[in-house]
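Which chain is which? They are A, B, C and D, in the order written, and residues in each are numbered from 1.
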């Protein structure tokens, strides 16, 4: 309701404030646009030495309990790291590794946690293999299977959009086991030759792979906790959308500033084009979408995990971020005129990011539909 | 006086109880949703009495100085009262131009005599105030105001016309922007600002019928009307400065308002509730998937607006463009009200054509009326188009045309 | 498909051309805005002497066969009359009478046709009583009933939005009879005292009534053809939407011109406000919506009755007209600034018309949903 | 020659058969959707051969004069060919700038020598033509072109740069707008128009990588390049007039084009067909009610655009604003293509991130690529924003800023 303080407010911690500032400076320095563009054609798609610097800063452990070498904070703090990354188009296996850590915390066995979480804090890359070719955002819709045989699991099927798979020391793979969803922790060394197929992702800053599971065998103890795994999948789904919203929110900030720079300096018909009302008002709409995104985002960051309210908040954040970035980058291309149509104009980088972000665990119409179920 | 959380909670409980016990029942006639919609004497008397009652209970002007009739208490208490009024769905507090625009101005810039003369009666609703800024030919362009004020001895002689005067026919005073020097260096320097009496020969108010079919505004005509020279605020030529300061109070960009709810905003939840009751195509409107998508968009926008109010105060999340949230609140709030009323009308399906007064109109035709009334806020106080210019230029640094 | 001539084209007959011109001049002359406004408070809401002039011009008989005194043309020709009426906000019982005639042609008995169609051509007002309080646009959803008793029909229930009921010599009323939809022709004289209750219609140019059927008895031969009446109801639904689209299309033309006049002459900040790009571009969008509406409308007029293609065309016309007029009139209020907020500004008349038009046999989302069923 | 309906139908049948028998099979590499997208030599050679084959069959330049290589037949026959090409989904006809812009201009305004020299080789695709209008600093503002052409004896010396040169690296000639008199009364009078050769020392083309990752345009640099003085069209100072005439051909506002499909527009039905095949949230995308609403909107817009083309010729339905439909076709067509590609991408759900080259990309990533390529038409030839200004001013009579 307008002008009324909601009972719940935005909880923005000192840690978030510090991380936001540190990450902003870090990304500004380490991810200048020349660096971003040089990575587009790089096979890895990220800079390993910078990844190690991040590990040294403790970023991969932010949301990992202290007993495993982390800082014991939450995903709300991770949001403050990811937003600046999105703004600078800085890419690394940070999101997928963070989500893999969350999956282990939510559903891993004690020995899995003890084995992998400390390594993650120190810089090990892990990745999630949850999507399939049918493209359903419901992570419980699984056609990949595991069969138990002689104390081993035999996997088959194909997973899609597995980020940075060749750099991952392990993958967390969802499969159907005895008709129910299950998660399996697959050591990278167990993958057969040719299991990883690089995908052509519209977002060239990303590295994603299809993983062909056929012929893959892992020991039975590679299973995550054998209880009902659906809540774990749901939690990954929500966490993935929170971090995705943060990354997209940053992207809006980036493309907004990039476009404003042009509109403030480019002349046509002897006028600065930013003085034209049709451009000025559109940029204002984009600003308002950006502000709305950030409000949703940091509210969601502060109440992540708080049942329905937390879920509502992050779905709003993702829906708003996703649609706003798509619009902002679409207009950025248009408003850059002929230059906007070139590969050299950064507008396309953000537009491609918007598509990737929308595809990643649900786009705006998907989340609005879910919100309808929660709110109406 | 530092208040503890406990103090605030105790006070909130007290206030909540008071409004529970004192909020008037449905008077049997339609009440205005905003202070600009007071269109009948019946509505006016009812709301004036309600304001006096709230004031006498100590819940209005709580942070204004005691010597002029205020409560001398911390602002936070008044804010709690406002929140509780909204929660209790009380009628609105009507003398808004006095309480929230003219009052703070007088307290900030007025002489001791002016404070003594005006402040208390604003609080009690004894004196109703109105505003004379817009003119028929200068709706958006205030700086171009042409109403003439010519000094003649101890008086100014007023000639011209003001329009969109809320409470014009009830008002005892008007905050008036007038041109004292047509030969000034520029249009702004020729303006002066008056606390003009309204019951003066030569001042006439004519009601304006609104697009809803109701009344609420007047046009005010000045025909050789003479007002005392000492009712000027500041000195000659300072009118634009005073007007701009008034607008910062009006827009809530500066504090100092007496409090009270001036506008009963509709919430999206109310639309959702109706969508569950109203049929569309033979089933509850809320089951329509396309409409659900629209409702969720509205809920998201409303939530963002509410969260924006919180975030605006949080430096680390607000440092990049600190003016973005304050300068966009009016634009977004007013446009949201228009859009949600529009959706609320549409979802009524075949029965959307029923208007206020029809026994079969959903919720007494409230939403049709709200939709039309919503334009007062998307037009008044600077149109939405002008708001976007302001944001584009002042927040985004885009060049002027 | 772009740039390809469709097989079917717009059939615009010489008769349509003539009627369009005649009606444009007629409405310009007979329905100046002062006249429109004087009728807002008039009990009847229309000028009977002008109605008789229309009858003399043969307008009510345009779509009635020559054997009954009409011209034997079709509803496509009626469209050319109604569009100018909408533009001038000219109101009369023309649409409801024309639709009643079509209902009689589609489902009336020979004696009903012989009795009423010639009278309609000469100026008798008839009206349709099809809607009910549940507001379903499906005309087969009926709670009003008729019971056969002693060779009579006893009616009960309430019908809504019956146009110009007090001036109608007869009403065609839909009821449920033995569980199936039926249409009954009710002579005005048979209506009990107090059966007509004036409604408060948001569109003050309209006169609509609730009709309380309780206690109404009519002879059995008041039934329209006793075969399956659903196709007749569907035909009325389609015809009503075609004429409504025409009226709304005219309204767009009217409000567009009305607003342009203001934007070309009103100054703010020392500039003609029509020079501001945010207004100029919006007006262009409205123009494009208007042109799209007219293209759909005259295509629909030319292929009315042609099965699926005709239905698709008129649903597109109604959806486009309805949404465009609502938008055009909403922006007209806004762009007139303070004056737009007054009752004296004509923008509100068009905005109210848009609501009435949307309510009348289906708004834009409704028709798009039907189009989805037909096209996807 | 008056053609009967029967003549036209017979001709259509003949053409339909020819395209059925002669339309080439999928060459195994991606073909361009528009003439602006020819990015590889492989594509270029394939399309050049296809154009020659169509010309040799007598289906291109049918209405151009026989003496210059045309068919000398009624335009309606060429239009039938174009329709049948679309129906048969043939590859596009690539030499568009020659066939539809430069060719008509030369036929209308060129000397006999120019017609003899250029027209036939345009039709056979022997000579590829390109256009030099836009410059790096003057994308939208053609009248401000700064490329210098200085007369020196029998030659002009060119210095400067043009950008967005479609077919720049393949072209033998360029229609060139250049500044011959920087001191003219106004910027327009200083311009002249040339049929400039491209294989000249001092002219260099550099490919521009498009946002899709492909090629198709070049930037063209002129560094003391000398061209014969007699390749001017009209006289010095008539450049703006010639450029404007060229744009009327380019925009289809005047007839005289040689024909052939230059742009393979996507139809909404293709998106609908995909929506039936593609899964979204575990069910066919076409079953999603919100998406259905969007698809119907697109179908309506497409139908209106197609009907508008018919209605534009019908005086009684077009008399109020006869320029409205012709002037809005480019705007609406280009924006529709962008929107429909956007929807086509979105409906792919989680798989929308697959791009051209991925074996799992829906329809080979065609829609992602189409979406990006769609901006060439919303930006080129006058941005959509400029189109709206033109319509607002020229059709609606609204004042210029």
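The working rule: a contact is a pair of C-beta atoms (placed from the backbone, for glycine too) under 8 Å apart; a residue touches a chain by one contact, two chains touch by 3 or more.
All values reported here derive from a predicted model rather than from experimental measurement.
Visitor: Could you tell me which pair, B-C or B-D, is linked by more C-beta pairs in contact?
Guide: B-C
Visitor: Taking each chain's centre as the mean of its C-alpha atoms, which one ends up farthest from the centre of chain D?
Guide: The most remote chain is B.
Visitor: Quick one: chain A and chain C, Cα centre-to-centre, how many Å?
Guide: The answer is 53 Å.
Visitor: Rounded to the nearest whole Å, what is the centre-to-centre distance of chain B and chain D, using the mean of the C-alpha atoms as each centre?
Guide: 54
Visitor: With chain centres defined as C-alpha means, what is the inter-centre distance between chain B and chain C in Å?
Guide: Distance between chain centres, rounded to whole Å: 40 Å.
Visitor: I'd like the Å distance between the centres of chain A and chain B, where a centre is the mean of that chain's Cα atoms.
Guide: 43
Visitor: Pull out every residue in chain A that's touching 2 or more other chains.
Guide: 276-279, 281, 365, 368-369
Visitor: Residues of chain B touching 2+ other chains?
Guide: 289-290, 293, 385, 388, 401
Visitor: What residues on chain B touch chain A, complex-wise?
Guide: Touching chain A: residues 83, 86-87, 265, 267, 269, 272, 275, 286, 289, 292-293, 295-297, 299-311, 314, 316-317, 320-321, 324-325, 328, 331-333, 336, 385, 388-389, 391-393, 395-401 of chain B.
Visitor: If we count contacts the way the header does, which residues on chain B are in touch with chain C in the complex?
Guide: The touching residues are 134, 138-141, 144, 163-164, 208-213, 217, 278-282, 288, 290-291, 342, 345-346, 348-358, 360-361, 365, 368, 372, 375-376, 378-380, 383-385, 388.
Visitor: Show which residues of chain D lie in contact with chain B when the two form their complex.
Guide: 289-290, 293, 401
Visitor: Under the definition above, what is the set of chain A residues touching chain B in their complex?
Guide: 1-6, 9-10, 12, 16-17, 20-21, 253, 260, 263-264, 271-272, 274-277, 279-281, 283-285, 287-288, 291-292, 294-296, 298-299, 316, 319-320, 365, 368-369, 371-372, 375-376
Visitor: Could you list, by residue number, the parts of chain A that touch chain D in their complex?
Guide: Against chain D, chain A makes touches at 131, 133-138, 141, 160-161, 199-204, 206, 208, 210, 268-270, 276, 278-279, 330, 333-334, 337-345, 347-348, 351, 355-356, 358-360, 363, 365-366, 368-369.
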